[in-house]
Amino acid sequence: MTHEIIIAGFGGQGIMLMGQLLAYAGMLEKKHVSWIPSYGPEMRGGTANCSVIVSDQVIGAPIVSEPTILIAMNNPSLFKFEQSVQAGGTIIVNSSLVSRDPLRDDVTTIKIPANDIADQLGIKRVANIVTLGAMLKKIDIVEKDSIIKSLNKVFNSKPDIVTLNTVAFERGQLDVIGK
Amino acid sequence: MTHEIIIAGFGGQGIMLMGQLLAYAGMLEKKHVSWIPSYGPEMRGGTANCSVIVSDQVIGAPIVSEPTILIAMNNPSLFKFEQSVQAGGTIIVNSSLVSRDPLRDDVTTIKIPANDIADQLGIKRVANIVTLGAMLKKIDIVEKDSIIKSLNKVFNSKPDIVTLNTVAFERGQLDVIGK
Amino acid sequence: MVEKIFTRPKSLTDVPTHYCPGCHHGLVHRLIAEIIDETHLQATTIGIAPVGCSVLAYDYFNFDMVGAAHGRAPAVATGVKRVHPENLVFTYQGDGDIAAIGCAEIVHAAVRGEKISTIFINNAIYGMTGGQMAPTTLISQVTNTTPYGRCAEGTGKPLRLSEMIATIDGAVYVARVAVHDSIHMTKAKQCIKKAFDIQMKGLGFAMVEVLSTCPTNWGMSPLKAVDWMKENMFPQFPLGVLKASEEVLK
Amino acid sequence: MVEKIFTRPKSLTDVPTHYCPGCHHGLVHRLIAEIIDETHLQATTIGIAPVGCSVLAYDYFNFDMVGAAHGRAPAVATGVKRVHPENLVFTYQGDGDIAAIGCAEIVHAAVRGEKISTIFINNAIYGMTGGQMAPTTLISQVTNTTPYGRCAEGTGKPLRLSEMIATIDGAVYVARVAVHDSIHMTKAKQCIKKAFDIQMKGLGFAMVEVLSTCPTNWGMSPLKAVDWMKENMFPQFPLGVLKASEEVLK
Amino acid sequence: MPKPLFNSERCKGCALCTVACPKKILEISNQFNSKGYYPANCVDVSKCIGCCLCAKACPDIAIEIYK
Amino acid sequence: MPKPLFNSERCKGCALCTVACPKKILEISNQFNSKGYYPANCVDVSKCIGCCLCAKACPDIAIEIYK
Amino acid sequence: MSEKVLMKGNEAIGEAAIAAGCRYYFGYPITPQTELAEYMAKRMAEVNGVFLQAESEVAAINMVYGAAGAGARTMTSSSSPGISLKQEGISYIAGAELPCVIVNISRGGPGLGSIQPSQADYFQATKGGGHGDYRNIVIAPNSVQELVNHTIKAFDLADKYRNPVMVLGDGALGQMMEPVLLPERILASTPKPWAATGLRGRSKPNIINSLYLIPNQLEEHNLRLQKKYYDISKAEVMYEEYNTDEAELIIVAYGITSRIARSAIDKARKDGYKVGLLRPITLWPFPVDIFTKLANTAKAFLTLELSAGQMVEDVRLSVNGCKPVYFYGRMGGMIPSTKEIYGQIVKYYSNGGEQ
Amino acid sequence: MSEKVLMKGNEAIGEAAIAAGCRYYFGYPITPQTELAEYMAKRMAEVNGVFLQAESEVAAINMVYGAAGAGARTMTSSSSPGISLKQEGISYIAGAELPCVIVNISRGGPGLGSIQPSQADYFQATKGGGHGDYRNIVIAPNSVQELVNHTIKAFDLADKYRNPVMVLGDGALGQMMEPVLLPERILASTPKPWAATGLRGRSKPNIINSLYLIPNQLEEHNLRLQKKYYDISKAEVMYEEYNTDEAELIIVAYGITSRIARSAIDKARKDGYKVGLLRPITLWPFPVDIFTKLANTAKAFLTLELSAGQMVEDVRLSVNGCKPVYFYGRMGGMIPSTKEIYGQIVKYYSNGGEQ
């Protein structure tokens, strides 16, 4: 199985971190993984996206142009990448910020009001982890455990932050809508 | 017939001019000619030399390494180039400054006390033209007329200087020793 | 009757810029464009864009533009100006572009008294490449290549390029300005106008340094960035006309 | 008893140089070698030769030498010095090398306060390549690339590099000297010694400019060349210590 | 009546105009535009004196002033 | 008795020593050396005061001074 | 560290260099290699090394020249336009026979081009972008792990042959993260008796230099260099074969492109196409011999590059007319998809073995 | 002027450039091309042109970029190390499609090398010493007269294709004097509506630039460039054949070396050896087709260069394995004598047609 994922949103939404956590978790599960940011001119002007591949096969190019999964954290991201998703793929939509449903009828849509949940949790920054939780509830890419381990790695085992993110992850898994 | 000539001496002896006059004269006679200075590190430290080829055939490389004719205007020049002269070739020696005869017995030697003659003429600078006269008396490379024409070109038809050099040239033809 | 009393100058194209929110590049672009409008030079101006965040300046200025290699704008401007001596030719360069890689080119444009004008945007950092040390980066300032803060030992103290250029005879006018409020902006506009005027009169080389913010790479809000600039950059880079030679004062 | 009271310093090899008669390069070589002998630094010195008439300096100095690309001696010296911070590392550069092509490298060695010393031979011309204009060439001076005499219009006025470098914080000591007579030579030696001393104390970047003759390309005898230098170069390039920062004076 | 006209699609929400306005009538809205920026707007046009300071402070020429 | 020793093969005849000598006892000879230069020499060693000014003026270290 | 970590290519190069004993880094920011400089800025301070942001790429390469001449393991890195600026310096380093590592994380050209991945600096890297007859050893890794391994190897080869070694990557390799096993700390201790260190008791000065004014001396020097290059070409060739046994069509690709080729080949093999991959790892010395060998069994070669066709010349030279050599390239930062390459394979077969 | 004059190669280039309407020269002294700069310093003042001694080669090439972008006929010149420094600029010029002429009077390398003649910058000139996929048109004259004719041609080609054109000579050609017929004054009047001149009534700004941030735009730009290069390769190839009919052995040589080859061939023909000369005049585009043709009739090729073997790769690519290609080279400023080349011919025959 090969998951080719594009994660896209504003700068500051923690897009890169989402991708890295996924890749890290995949690595912990001895899967083949790659992550690559878009480092193009889009950087300025506030948008950011990255490609993640998690696969049981050796990975070719790390840059994903036709994703099996798109995580759209805001409107422009959905508009930009929606058409490139493979038929039969999945679009995860941060419904707090994305104002309309995907137009494609050959893909599965998953919705999560990530910012609203994050606001409820009192930490705006964790909308990304909420979304990750939501996605992993619905799509079997990596185990929750691996994500928690990755959180520990990335946040250098700072228990507070890890706990917080774990909670966010779990809320995402709980509140996800779709499929 | 192809004359491959190296002219060598101190900087300031008018070595380059000698070569250019020869080439110019050859050109006026519709011969194939080339001139090239040595522009190596020898420049500093006072020595100078150039290669001239006058030929009735198209010229290959302009740089002469085995001359048919060597004009040695001073000791170091003779020492440096003597051995490279082709068997049967000619060495023209400025006997005012060169302290010994060439050691080669397979070449013709021509001597001219060019500086002494120039001193007698009262213009030290014309030792080069004296030598040119001497050589052309003995070796048929270009006509005297062509040299005079070349002098006119080079000295931009300044009659005084041309006359002076013409006199020097003729004295060289007169006083040459050898062959 | 409804009358527009403030709008986009003709010498700017009507496209959104790629600059980050609050970046001063946009302000300086506008000032230049206003001056060119006011002096009716749009048809005779050739701007030289650098490599830096303002690399796309040729998309924003509404007159002929030449994109130079990183640091080489003064050389490119020289080539352009020699061909079109009657035109207004200016370079627009960041601090990395002008003070690091392009140091020889700006010095020698000044030495030759090249009749060009240089607008030098000093934001104490490499913006375009994501925030590395510039020659103008302040002591203790954290950048991606001075992760522990710039330390004089090893990297030296910030270069005051304008003061250095002012020692060169061919540089007839050197000024340092800022654009963070309307008073400073007025002064900045005067100085840039002066620089252009000097060029059109054929008096020599003129340079105006504009202290600017890079909120993104400084890691602060645009408003905080203005404060940081005032607090930290102004002492190191004093504002004012650093040099105006006699011909210029006449 | 016969005693040698003046002879070749150990830090010079016993070979004839390729320099033209009366060229000051030889004099400066000797001064440097004498200082290195006197301070017992022969075993710890690494010299950087430029491209210019002194390109073969590595044949003449009797210690480790690195030949740099044209203009890049300060960068090369930086690489060497960072690897061997305890060594004496100096660059020896002509005016074309340092002030034209190598302008950015010398400025930034100064900006970094690189702990190297630079001996800068200003003979107002490109010697090695046969006499072209240098940034230091005087107004009206005829060279092969200013056949009608250097004209400020188009080529600018001579660059006073030392004055320019002196504006940089990291340059703690900048002096201009000459070696045409014994008094000036003594002063020159003091200054170069000072520069080396500053380096060994780790105080920063120091540069000594030596006004020199190039009889060959100036087209005059060595003696005339000295007069020409005094008459024409001294006014444009005043001798003296241009900068000595506080640390240095202590 | 002077008034500022905001092009909220061009506005990047930098807030430089809000401090430049002597009348302090400009604020950052909490609705983001299509690029994700929270644009500035005028909360009390009637107080505007047409001084143009907001427009001059705007790096993106997102404000025009009408009189 | 101080005296200058000339290495005439190293001398390039620049004459800088001749003006440096306070005793004016150095002159350029009219015999050139193997490189074509006319080397300097001392015409009256007895007047030499061993001041070394000639040697210091020589770019080619063609002079050594003995005492 | 025997555990894999997830690391960016650019940073992995830095860590590998440090492991290889490099303590002197001189560079200048440029996308897409800047993270390497930034990583070094952080890490060199931790290992008591020198990170120096030069005023330009020209200065950086000459600092490397100085540090290498002084006997240190040293490196610089940049991307295409910056590497062009280093060409004089590289020629000097080759001429003076100084060991150093130069990393090119290349991007689209010509000119300012773009910051996206490209393989259009092949000629510059392998044929000498600088003047004169010289050769860089050029290594082209195709994964973050290989960036690590080959960076270390690069330092060893540099010292072994006193020669510049270029690690040629592209924006994708530099920017991507992959799991990587970092090596234990390696201590470099190649003695360098030729280095400029100060005499320190030695009687003969060491001179670092590339000037030979006398033609026959410069010719001798060049012959010595050529002899060295010959030795390297015999001893240091690296390549990888994948499914080449009995392959009819051999795809030739290096670096990032070789990964896409491999995926396409997997797919094609499943569909019954006899396709294999020959991946040059050293671009210079080029693995000529394996081409000669494979030219016996294969029917054709298809070279795949992110360029208008550069390595393909070396492929043609190696195959020497024995078999047809085809080319497929993308430019400007466009990266072909697996499907696209698969399409090229199918095209070859559907044209009856011709493109 | 219909009378021949004796002129130095370097100066002849300058006079030709002025005849071609070039009024903007930017350069920096370096042996053995300095006379060209010096000549321009004198002559440009006389023709109201601009001679500017830049602070460096880097500055010079960027001034050329500016002047060319502003619509002028412009040029620079240098020798090997200086040409290396220009590589970034050349790539920019190619990317922005600006017409200009670059003269390389090359010398021995690598590094500082020497100031003697060399042909070791062939790779740099023809394959792109700079980054990215681009091509210079490269013309290699072999006499002072050709320096004149081809310098003029270079300006025309540059304008015709909006492309940099390199005139590749060597120290010998630059320094030597030969009789030459100078052309009448030619007025260049190619309209350049794309140039940055100031709007002057035009409504759309002209932009000179090589940045294409969007990959497919940069790819399109590159495809456009490649199309242009293809057109040039079809239309602008120049070469000279000498005694190639029925030649068994074809010597391939360009520039100064071709003259020596010709002399050696004359001698060899007298002695009954069937030897001919194929002289590429454009090194890029390389005269591939004539090789294909001659490969039918000739038995072998012998490439002769003042290098370790650079053009020989293009010869091999052109001959594509049909016939053996041998190589003989000298380096470091050593120039083979006629006798030496004759010796190589005899060697070929005495080995029974093998080297």
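To keep things simple, chains are lettered A, B, C, D, E, F, G and H as they appear, and every chain counts its residues starting from 1.
Heads up, the rule we're going with is that a contact is a pair of C-beta atoms (placed from the backbone, for glycine too) under 8 Å apart; a residue touches a chain by one contact, two chains touch by 3 or more.
Here the structure is a predicted model, which means the values were calculated and not measured.
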Take chain D away and keep the rest in place; grouping is one piece
In the contact graph of chains, the distance from chain A to chain E in steps is 1
Counting only Cα atoms for the centres, state how far chain E is from chain H in Å. 59
Please work out the Cα centroid separation of chain D and chain H, and write it as a whole number of Å. 38
Averaged-CA centre spacing for the pair chain G and chain B, given as whole angstrom: 55
Chain F to chain H: how many Å between their CA centres? 53
Using the touch rule from the top of the page, what residues of chain D touch 2 or more other chains? 19-20, 55, 67, 69, 100-101, 103-104, 107-108, 111, 135, 154-155
For chain F, give me the residues that contact two or more of the other chains. 37
Hey, what residues on chain B touch two or more of the other chains? 40-41, 45
Taking the touch rule as given, give the residues of chain H at its contact with chain G in the complex, in rising order. 58, 80-85, 87-88, 91-96, 106, 108-116, 118, 120-121, 123-124, 127-134, 209-223, 225-226, 307-308, 310, 313, 316-317, 319-322, 330-334
Once bound in the complex, which stretches of chain E touch chain C? 2, 9-10, 12-16, 19-20, 37, 50, 52-53, 55-61, 63-67
Note which residues of chain G are touching chain C in the complex, please. 28-31, 34, 37-38, 41-42, 45, 51-53, 55-57, 81, 111-112
Chain C contacts chain D in the complex at 100-104, 107-108, 110-114, 135, 152-160, 163-164, 167-170
Note: in the complex, chain C contacts chain E through residues 2-8, 12, 16-17, 19-27, 30, 181-182, 185, 215, 221-223, 226
